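Two complexes come next, and they have one chain in common, chain A, joined by chain B in the first and chain C in the second.
Entry: the complex of A and B
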């Protein structure tokens, strides 16, 4: 048998950075490392939380004025908070880097203005959320200074968006709105299960968009904006949005609805294509089962394949496995919390077992202790801390949701932290500090 | 507004006992009105284990209950076949269980008349491959699983067909006493606050763990002890036969496959309140680890939801076991004729027992009522089947999927976990006419939101449809939505680790970030009782 010339090359040889996880933090870390010239491989079990999230970028939702200034002020007095670890220029540059990469990939994310004010975006229930950036389709729905009338459009019979639910609540927020449901020109499945992705694919067709616009236009008279569910195309959202706005005669915006999130799918697809065009490897659907460590460094990770594992080697490893939601931290019934790949120490809520994890009501103010307190602690290089308080491993960095110290569901800063920490980790891993 | 009317017998409590009693009264020609403070089957009868007992569980300690169970087991199978799945039952002993127990148990079963069939460990594992290989003895018994909701609804429908009536969301606020007789009650609509008065020749108190409270409304004292038990529903059935531990009754002895899930339980914890539904962490651990002995690996499965029920334990003073507690107190029931006991006519209390024996409890209670009213008709509830399908009405997804795929269930899926369609939801909403409808009512009607995601996706959809149908305002809809979220969370809160923790994270993400429900929903001012 002829000898396989590659038999002795370990898989992954020639990789500088392995990023584990394909959430916002992992994908952005991969993109920045790639831009810096590193050879990058992304290995993830599945896509991250962007697939189920509304789609906008919360940096500090509660800031009334300058968001960056508010974050700086907060970080100054909370030295353990991930924003303080990343330091503020990492946040600013991380956001900048994200906007650039997204823009280059046909996914522009817009802000309200140059002074760093938060947007005012409506939810499908008519509540107001205040992220700093949003995909153009959502940012078009900025309600700052808008009293209406706004037209909300749903699709008759579609289960994932009920525009009438928002009307009264929007009025309470000072925005006049009216709701209408139109029949979609075509329903390919004709039955009971139209997913957001099914609808989004229809909106990729120019003829379909023209037909929909024709049905909306008669209702849009006098409307200052027209809101639709966030399913306006998958492939070319900018073009879809421009077409619809022009044909309807009023700016069209997108309202997030039930997962899966098309904004997250668009971004994930675009970043994957971009990474692959730039010769990074992207393996989504591959579980990393273990990190292998020698002399305080990770040498390689083992990736599960059918019935066995394959080793992947690299110099640097960025751990972006998400928190409790995505498998970065696991939990069991006895109240044990652990990080499964390197067995890194996990900060844990005080108290016995699971007793202190959850409050009484799901939507209670400030959320639940488990989501704020459980996670990895890290130093300013984004290296996770070991038992002794020093860096656990020389060449492993932890980013995004995996970090302790913030509640991604209530604090309004989840995406900002993903971007800031991803940026910082790449800077230190590749020693890019100017 | 204060409306009043008069009936022969006012039945307090829309659980299994009250519903069976209303039916029995109607068949004997005494016009009943059943009142239930919440919805039917939301008391103990909706918070139980789901087991149609063969009686095997009581064959050693409580022969009387064991004998009642086996008889009533057969009666219910005959009269309510639609509510029962004939899973059969197994009693399994492991090397950890007392070696002399099977002998005593067999003797008890023989005395009580419970048929048993000895099988080998291999046969048991052929029947239920998930069972532990560590089996030292195994017996088949005629256990079954029972859908209390279907059973109770059938009793109530049959009652209505015979001229009786039932009022849900009505609480008995006060019993009206004239001298030495109870002559009626003041009712309050628990949703609107509206009051009405009902006069009745007799009041039958079937208020389960609240029976003492209700008797207290007539100034009478019924000493009831309370014993709380927790149960956990696992994501899939795991077994298709009911599995019992063959040992003296203890925590976590029983696995009941029912509908789409497997219910593990239970515990026995003394409490001072009839509505103490707490579940402590040790109970969850205990139930899972005990179940894991019988079905290894089950503790790592996905736990969907947990709930607790309160057993009212009553021992008539003549029994003389004043200080018996928990599992020591017998599970048989008592009918208290307050005319005899307290010299107050017009009130009969029935308390204790099992869901399996509800018809018998009703029969004996109605016998006492009939005697007071001079009615001589005999009980006939064990004879004719209840109106309803003659086959089990399994709540299994396969059935719903089949209908969906063959066009028999039109409309989009609103709840994907449980395959509830828009057409079903709209029909269920219509059925309430102009009465108020909570999302939780629709859940009980359709299983909406009862699957793995615990309403994370369907609650928004159902809120949208409810608003469309009822023309509610935004704030009303938000309130209904928030109430449903709270209700669903209560049952997952004890189970938040692993898969279900991740699920709740996703649900919370949808509610807070995608929808902003937390900004809109009022924070309740009062804390839930005993939370």
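Entry: the complex of A and C
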């Protein structure tokens, strides 16, 4: 590992970097800081949003052709958008870094490398979503230029995925599809409902996969692709996917279904293992309750633990605590918003309190203004801004959903922002040269 | 942690079920659910079933008996649901309604067996190591013949300490700032006294005056078997004995990370002892390695470590993860030159206190711990570091590797030895003692 110029915390007294949060942004910040040779501690209240999201990476869903070009154009006219703050290099390099780390850990994420366009992937209801990259199983389901027929396979009696529900929507999108439900070869649980992880573990078994393939194959004649719910293996999804495709005789792809998302679980497990193997500390389960500040720098954070709070010291702190929906930003009924760890400034939206956010407006198509406001404003170094417009703290950075300036619900860029800002924050925190 | 929150009521264990979004993050992390069809997972038996648990009504299902209580569910929940705590309370209701099996009663009373077996150590050790007897016990009592029972040392740590203190009276310190209370737990008292002796040697090397007030079982075995009445009795005895020290701000430290979990957290969040004394004791209680880490941060930990040239795997017990203190053992061991301790990626070793001793659960316990064995084998390690005794015994039974408490390495690095004891990891190396505690 390279020597890190900022590794100036004596061993045992603290780490070089503390990352707060174990979502996509937090884990990637931790991974990149670890790669750079820093000693890293991840502190998270629980696992992040990747476990309840489909698992693909939205960079700019609305882009019709080259995604990166679209983002650059957008950032040029929206200087407060996190993409503009992180600058376009950060997005490209952040995505690259993510693909490398994921690939290294047996979780390849694929994209349309030849034209840089978004993928066209189906949801469990047959709607088309357009993320830029996705775990290999999902990316295999790219419907760009695909007219069908696509075979959708469900499991009889399994409540989390009904292939027939997707047929009409797919047809409306110009993709011919047919659905079939097969009986699973084994239901070891007998009395209980299977949750996605149960099925995914079954798919880790080669015999089970062979048996499933045997039941699908007769239905797959003429199908250009075969879609199954995204539960194809937990430990070794790449092997499961290749096996099934070969045995069925058509490319197999994964369709995201109800949480927990196996793609998110696989990624979280893989990154945790990688971090631990590289001597980063990963401590999930107790929240940081307070950041302690002296002379414009954070000296340590306090974790709400059993019996007493525990202090954790570091040189640099990366906040990846999430936004309004994730606990990084809190609100009360008056509509006041605040950041709970450092009390960093958050704009309070005008109007009639929290009630005013709801009704038809919260999820309106162009997006409720609260979503753009509810976050921290930051500079190009990813340092959150204080009341005076300068960096609030010298050694604190904000990444991912915690940032203001974008709407995570309607902009179709949440994961891209996580990767770009995590990359940028690590670069500035560790003073790494490009 | 409850006292930090102004919304006290909704933070109380049973009410945290209302924070559940049914996202199933807990189910995907549970080490037991994927291994047995008898346990549907923490969400189902926890926050989901909680809605059907009315005060005074019988418990809605029995599958909860297969929860090992490792608490990984509580840790991974991003919404603050105390899943394991809810489950443990529900187990207690079941025990209240249906009574306790003789086996579970037996497993809840290790404090008693520790004391009773000590005078008859050779006979008792012969019994727990005799395959035929163990098979009979498994048939009759349903205590697994493969469950790794410890051996009796033949004397108690407390007895040893009493003699030590009498023969070599330690001078009273000038202020309470140099005092520390040691909580040894039952295992150190009767099965592994060397850990207690090394702990005391390390604390005295640091320059602290060690006090070992009367204490009993932490209550965790009784608690996890649903015997809250006994667990509260144990808890109360400990709180009453320790609270005087807590009031004076004297830290209470213990080498069993599991006992410390009980004192710091379970007394309040599971057993519901929410009084001022329980809170004071919890606030002043530290895991042994957490305490050393704290001293280091305060500049009070001597840095005269001799090198130990070894690369060793470390397992953080599930109950240690519940502390919210990170991995202080690794942070402290990092200070020893040449030593590279790395953390095994595993939630739980499977034994989960008394769970892995139960015949019907032994297979599950071994399967839960299997990732540890795999990583130990892959690394070719002959010794594993771990902070809790039952986990150490389980890891030894799963891997054949020797297991040590991190304090053994700290003592070794300080050049401390008691009764000529050397941790197995360095037993082969030539002795290079530079200090022996007077009279030891």
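The rule is simple: the second predicted complex is superposed on the first by the 408 of 434 C-alpha atoms of A that agree within 3 Å, B and C clash if a C-alpha of one lies under 4 Å from a C-alpha of the other, contacts with A are read in each partner's own complex, and residues count from 1 in each chain.
Keep in mind that, in the parts below, contacts are C-beta pairs under 8 Å (C-beta built on N, C-alpha and C of every residue); 3 or more make two chains touch, one makes a residue touch a chain.
Only a predicted model underlies this, so the values are computations on that prediction, with no experimental measurement involved.
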Inset, instruction - Could you say whether A:229 touches chain B, chain C, both of them, or neither, answering first, second, both or neither? - result: neither
Inset, instruction - Classify the contacts of A:276 with the two partner chains as first (chain B alone), second (chain C alone), both, or neither. - result: second
Inset, instruction - Figure out whether A:353 sits in contact with chain B (first) or chain C (second), or with both, or with neither. - result: first
Inset, instruction - Determine, under the contact definition given at the top, whether A:129 touches first (chain B), second (chain C), both, or neither. - result: first
Inset, instruction - Once the structures are superposed on A, label A:391 by its partner contacts, choosing first (chain B), second (chain C), both or neither. - result: neither
Inset, instruction - In the overlay, answer first, second, both or neither for which of chain B and chain C A:284 touches. - result: second
Inset, instruction - Residue by residue on chain A, keep only those touching chain B in one complex and chain C in the other, then list them. - result: 52, 191-193, 259
Legend entry - Parts of chain A lying in touch with chain B, wherever the complex brings them together: 49, 52-54, 123-129, 157-160, 162, 164-169, 172, 191-194, 256-259, 324-325, 330-335, 352-355, 357-358, 360-365, 367-368, 370-371, 409-410
Legend entry - Residue numbers on chain A that touch chain C, as the complex places them: 11-14, 41, 43, 45-48, 51-52, 188-193, 195-198, 201, 259-260, 265, 272-273, 276-277, 279, 281, 283-286, 289, 303-313, 326-327
Legend entry - Contacting residues of chain B [partner chain A, same complex]: 281, 284-285, 288, 299, 404, 410-414, 421-422, 457, 460-461, 463-465, 467-468, 473-475, 477-478, 481-482, 485-486, 488-489, 493, 496-498, 501-502, 504-521, 523-524, 527-528, 531
Legend entry - Residue ranges of chain C touching chain A (in the complex, touch as defined): 1, 4, 23-25, 27-29, 34, 37, 40-41, 44, 74-80, 261, 263-265, 282-285, 290, 293, 296-297, 321-327, 330-332, 334-335, 342-343, 345
